[in-house]
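There's a structure below that I have some questions on.
Chain IDs A, B, C and D follow the sequence of writing; residue 1 opens each chain.
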Amino acid sequence: MISPELALPLSLAFPLVGFVAIWLLDKRPNWREAATLATAVVLLALAIVVFQAVGAGARPAYVLFEVVSGLPIAFEAEPLGAMFGLVASGLWLVNSLYSIGYMRGHGEKHQTRFYMCFAIAIAAAMGVAYAANLFTLFIFYEVLTLSTYPLVTHKGDAKARHGGRVYLGVLMATSIGLLLPAIAWTYAIAGSTDFAPGGLLSAHAEAARPVLGLLLALYAFGVGKAALMPVHPWLPNAMVAPTPVSAFLHAVAVVKAGVFSILKIVVYVFGVDFLHETGASAPFVWIAGGSILLASAIAMHKDNLKARLAYSTVSQLSYVTLGAMLAVSAGVMGGALQIAAHALGKMTLFMCAGAIMVAAHKEKVSELRGLGRTMPITFVCFFIGAVSIVGVPPLAGSWPKFFLMLGAADAGQIAMIGVLMLSSLLNVVYLLSIPAVAFLKPAKGADAPLEKEWYAGPLYDGRNALPRDPVKEAPPFCLIPIILTATGAIVLFFFSGALYDYLLPLTETGR
Amino acid sequence: MPHLILRVTTKMFFAPILLFALYVQFHGDYGPGGGFQAGVIFAVAFILHALCFGLEETKKALPQRALTIAMALGVMFYAGTGLATMLLGGNFLGYDALAPHSTHHEGQHYGILLVEFGVGLAVASTMLTVFYHFAGREPEIDPEDW
Amino acid sequence: MNLMAQLPVLPVVIPFVAGALALLLPKGRAPWAWATFVSWLSFLASALLLREVAATGPVSYHLGDWPPPWGIEYRIDLANAIVLALVSGIAAAVAPFAYESVRAEIDERQSPYFYAAFLICVSGLLGVTATGDAFNIFVFLEISSLSTYALVAMGGRQDRRALTAAFTYLVMGTLGATFFVIGVGLLYHATGTLNLADLHLKLAGQHNRVVEAGFAFILVGIGLKLAMFPMHLWLPNAYAYAPSAVSAFLAATATKVAVYVLVRFFYSVFGLDFAFLGDALTYVLLPLGVAGMFVASLIAVFQHDVKRMLAYSSVGQIGYMLLGLSFGTREGLAAALIHLVNHGLMKGALFLAVACVVYRLGDHRCAAFSGLARRMPVTTWAFVLSGLSLIGVPGTVGFVSKWYLLEASFAAGHAWAAFMIVASSLIAVLYVGRVVELMLLREPPEQGPLSEPVKEAPLSMLIPMWALVAANLYFGLRTEFTAGFAEQAAAALMTVSGGR
Amino acid sequence: MIDLAFIAERYNYWIFIVLMMIGVYIVISRGNLVKKIVGLNIFQTSVFIYYISIGKVAGGTAPILPAAYESGHEGKGARASAAHGESAPAPGAASGESLHAAPQSAPEALPANDLASAVAQTPQGAGPSGEAGLHAAPGEAANPLLAPPDGAGDAASALGEAAHKAAEIVYSNPLPHVLILTAIVVGVATTAVGLALAVRIREAYGTIEEDELEAADDIAEFGAAFGEKAEGARA
């Protein structure tokens, strides 16, 4: 068994090995994909080693070197980071499987570049997860932004360019324009950027107090990846990317890295108690609450399936921000659990959307009528994912909501309980309506005869531009990951207690 | 030929001007003078020549290539003296290293002479180069235009 | 001859002598090979010097064995050792690069003159940096400027606008140098000495009009030379139309040396006790630095010509250095020095990448960059990486600069300045991003002269370019040579100037 | 109350300022490139006048040894030393004392190669020998060496006497002349380069009037700009 001290740096280095391997195997797709999967498996194993070690109370650490005096690139695994690392690496494995099915099914170009960028991105996500200080976190945060830019603009057409521009523009603008000065300011106040249990700034309360609200605002909006309104536009715009990328953005790494950073900053930089005592975070509770409701409302208007899911993500991620900003331990716990639960749920939804695209070439909710009968597995999984996000037991999504409401009550923000309830209702409307349309409404309209024709007549008449298959379930490479995550969403419900215990040090150190 | 007088006068003056330039050059060690002034005067002789006999004639006597070499050599003399003093164990342009056993800093004389010679050479050739280039761009002055 | 003892003067003297020799070489490969060899020698000497200064402290060298303050002193402390290493290092990278580039852009008969001018320019810049004598600074400044005018004008074969650009540069540069020399004259008037260290001693406690006027003249004169906004108007055209290799060298060194001179005069000569300096910092340098950061960067966004865009970006980046200086604190000074070095590295790499494009496509307008990733991937990635450095992405030198600047602004209590810095970095995202998007996501032009298939630039250009890119990345992560030395240098300068 | 005498006796500075302003004005206002260079030259010349002004000592002569003292190296050495030593700031100098301080500090700051005695024996290539900036060193270096030779010996007493005689004459400060000679060289070089550029511009554009040059560039750019815009739109 490999030691956790070694596993930590290896889990950062190994994706880079995979990167080189993918590069070298450019001309042999099968081997290239095998390299991707092998990397993912090894990475998951390493993440599990770290996760277990942290659960046993160890804090594996690794210092790379000091960049600027007082600012080392250093890593240290703690419960939150270890959990995020595990979620990210686990879902990356699933996502890699799915990518293979999707990319081949879609016949995408530049697949080597695609997998190479993925490898870099996951390395960056692991870096964010294990970062021991703000400085390291920022470095990997930026690497994550840059390495996903080619993924978002993968298609290279005008729409992709526009989407990529917004993606890069918003993320760079917030990170350089707000997050970087915030970190520098923190450094100027505290003389260090290390994550400290109980809060780095709370140890320098006198200097920090006058600017606390401002700093918190800089962090909250500076971590653009957390998609707190109004810095969310990058997320819907990134929808031009291929579906595996969307899944990666929404569930595996990018937004998760954002909300993870927010949680980590609140817990380890500000300190929950310090925030609670000063009340600096109260306005952000409202901003997060507003973000939850507004994004849900927008999601209801979206007919494009992926766009609807994107706004759903904006809404769901604000739960994490909300939990952090409540500045009570139950809120933080709820936020942390939401990271894992939402990852599984949203991953399922996105992969289903991708499967629908691969199999039926449908992108709009209104086009899905009756599709549930031809793609039952996909839509059953979609249903499970949706229910999990709505927060119905026995699915993973119910626990975070429970803790968040508990936290809202603890923090005296009773209104937020209402917000959460309303949000659940809205979720029902915009998410559950999708499988409902697919299963319950009969296929009709312009598409219907065509479908029949596909079943009856010759599949491809030569005049049609696209060779069309009859609609059936997506290829197994697509389907298996979906089933995996949907099952995961159920399983997590029952193991949330274990996860709660695991994350307990997070809130206790604050006390 | 109406400009015969000019030509004859030029011929008469040419050598004395050069001589004067050399005087200014080598007297620079003791009195007013030095490489820059000498170089300019030296160049003036040739410029006068070119004005009266035409640029082509002057270029025959002192081709551009020679000037380029002289320019480089001038700098080399200057910097070379400095390098030589460094090689002899002194500092850059530390002339005393040229005559280390002298009791009255003989090296200073050698050094200043060498350096000034370099400067004179460089200045004279640069001046002439500038003149050649400017004058060379216009058509030759026709004898009828005098 | 004790080589180590002669070290302070070697980086200056070697290219000076070699420049004259280059004039005598036949056209073709010889002048280039000679210039390359010499610039490497000079870099070696500078590097050794930096090592020695870092180990044993400032080195003083008495030219002609005349002791200061009467003789000319070459005084190398960490501040100028760093700049010496930067200038000679950039020269050592540009010289090998220049062969192909120059062959394509300049009449071959001029090549000995080109390399002679190049070496003299290097020598002049190094001289400005190394010398400890105010008037000597002027002389070397003019030696480098004169050769620069000639070098810029050599771009006239490609684009006649190089000639007018060189002329404008000449007029502005001469005005600047003359202002500087008036300032030096006034200081000499007030103190009777020209040695910088001696000037500092004699100026202590003097607060009269003569000294103040001298200060103002020097500030304006050097401000012209370093393209301080709004005295930058000569720079964009000069950089845009000069031969590409020259643009790269100048952008990375010329203005940096001028910034160094400003630092030297502010902190080593006048010192923070000189009350007028504080006012100048707060009311002149700070607003002009910030204005330059924004105005020049914004102009850069709207340029159709990548070289001009980078030139305007340079003006903006100089704003950062001035901002750092204007805090009047040790952190600010360190940040300015760090950015001075780092900006040299990134702009050098960027201009070299553009030079590769010009070499293959003969054009430096945006259109030539369209779809470049397919046609010249190695060059494209060099541009992308150094562009990221210009923006200030972590892992690159640009980030280190930004970090120190931010830290300095917070430490100086100018939190707003920090936001100015990041806001103007975002403008850099715009202009760099525009070109990067063109290169990565567009198709190559389908018709016209730019559509012809091109190969990657030759290795002799790629290697030096990537050496600079690698420096961008390496010094972005390991900063003991840049930030470490700059911090020490800033601390030493602050001690001299009586600041905190 | 305006002290007219105060203003009038500083006429050299007024000349400097007026010439400087004229020069800068010409550079800025004239569109003709050659006229710009002329303006630049006037501007630079004004600086020369300023430098020479500050080297002038009231009642001082040029730093050339009168024939009466021309009795060999020794005399000349003394001449050089005296010349530098007695140099004083021009009237109106803000702080004369700093210059005067230099001589006093000379004895304790003896040069490494024992120049204090050397000065009496070797001519120190005074003012005129200065050529390039590097070269300013000797002239400058000689500055403080006014002290009568303190090296003992039979020669020394004779030397001291000669030096003493020489010291009675007041000389102007030669250092500014040295500096200005260097500046002149730089100025000449700048003018040459500028004129060369003007010639090349005339060949390339057919004019040296700034307005016409700009117009020519604009026309060229507009023609290109049209294409460039199209390319920009495509890009």
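Here is the rule we use: contacts are C-beta pairs under 8 Å (C-beta built on N, C-alpha and C of every residue); 3 or more make two chains touch, one makes a residue touch a chain.
Just so we're on the same page, UniProt names per chain: A, C = Multisubunit sodium/proton antiporter, MrpD subunit; B = Multisubunit sodium/proton antiporter, MrpB subunit; D = Multicomponent Na+:H+ antiporter subunit C.
Please read these numbers as outputs of a predicted model, since none were measured by experiment.
Ranking every chain by how far its Cα centroid lies from the centroid of chain A, the top place goes to B.
By number of C-beta pairs in contact, the leading pair of chains is C-D. Centroids built from CA atoms put chain C at 44 Å from chain A.
In this assembly, the C-alpha centroid of chain B lies 22 Å from the C-alpha centroid of chain D. Taking the mean of the C-alpha atoms as each chain's centre, chain C and chain D sit 28 Å apart. With centres set at the average Cα position, the gap from chain B to chain C is 35 Å. Shared interface positions of chain C, defined as residues touching 2 or more other chains, are 62-65.
Looking at chain B, one finds that residues 82, 93, 96 touch two or more other chains. All chain pairs in contact, by the document's touch criterion: A-C, B-C, B-D, C-D. Remark: chain B residues 68-69, 71-76, 79-80, 82-83, 86-96 touch chain C in the complex.
The residues of chain A lying in touch with chain C in their complex are 65, 67-69, 71, 73, 138-139, 142-143, 146, 150, 153, 156, 160-161, 164-165, 168-169, 172-173, 176-178, 180-181, 184-185, 187-189, 211. Here chain C touches chain D in the complex through residues 62-67, 69-72, 135-136, 138-140, 142, 146, 149-150, 153, 156, 160-161, 163-164, 166-167, 170-171, 174-175, 177-178, 181-182, 185, 188-194, 202, 206, 208-211, 304, 365-367, 369-370, 438, 442, 445, going by the rule given at the top.
Across the complex, chain D meets chain C through its residues 20, 24, 27, 33, 36, 40, 43-44, 47, 50-51, 54, 89-90, 93-95, 98-99, 101-102, 109, 111-113, 115, 132-134, 136-138, 140-144, 176, 179, 182-183, 186, 189-190, 193-194, 197-198, 200-201, 204-205, 213, 217, 225, 228, 231-232, 234-235.
Here chain D touches chain B in the complex through residues 64, 73, 76, 113, 118, 121-125, 127-132, 134-135, 137-138, 181, 185, 189, 192, 195-196, 199, 203, going by the rule given at the top.
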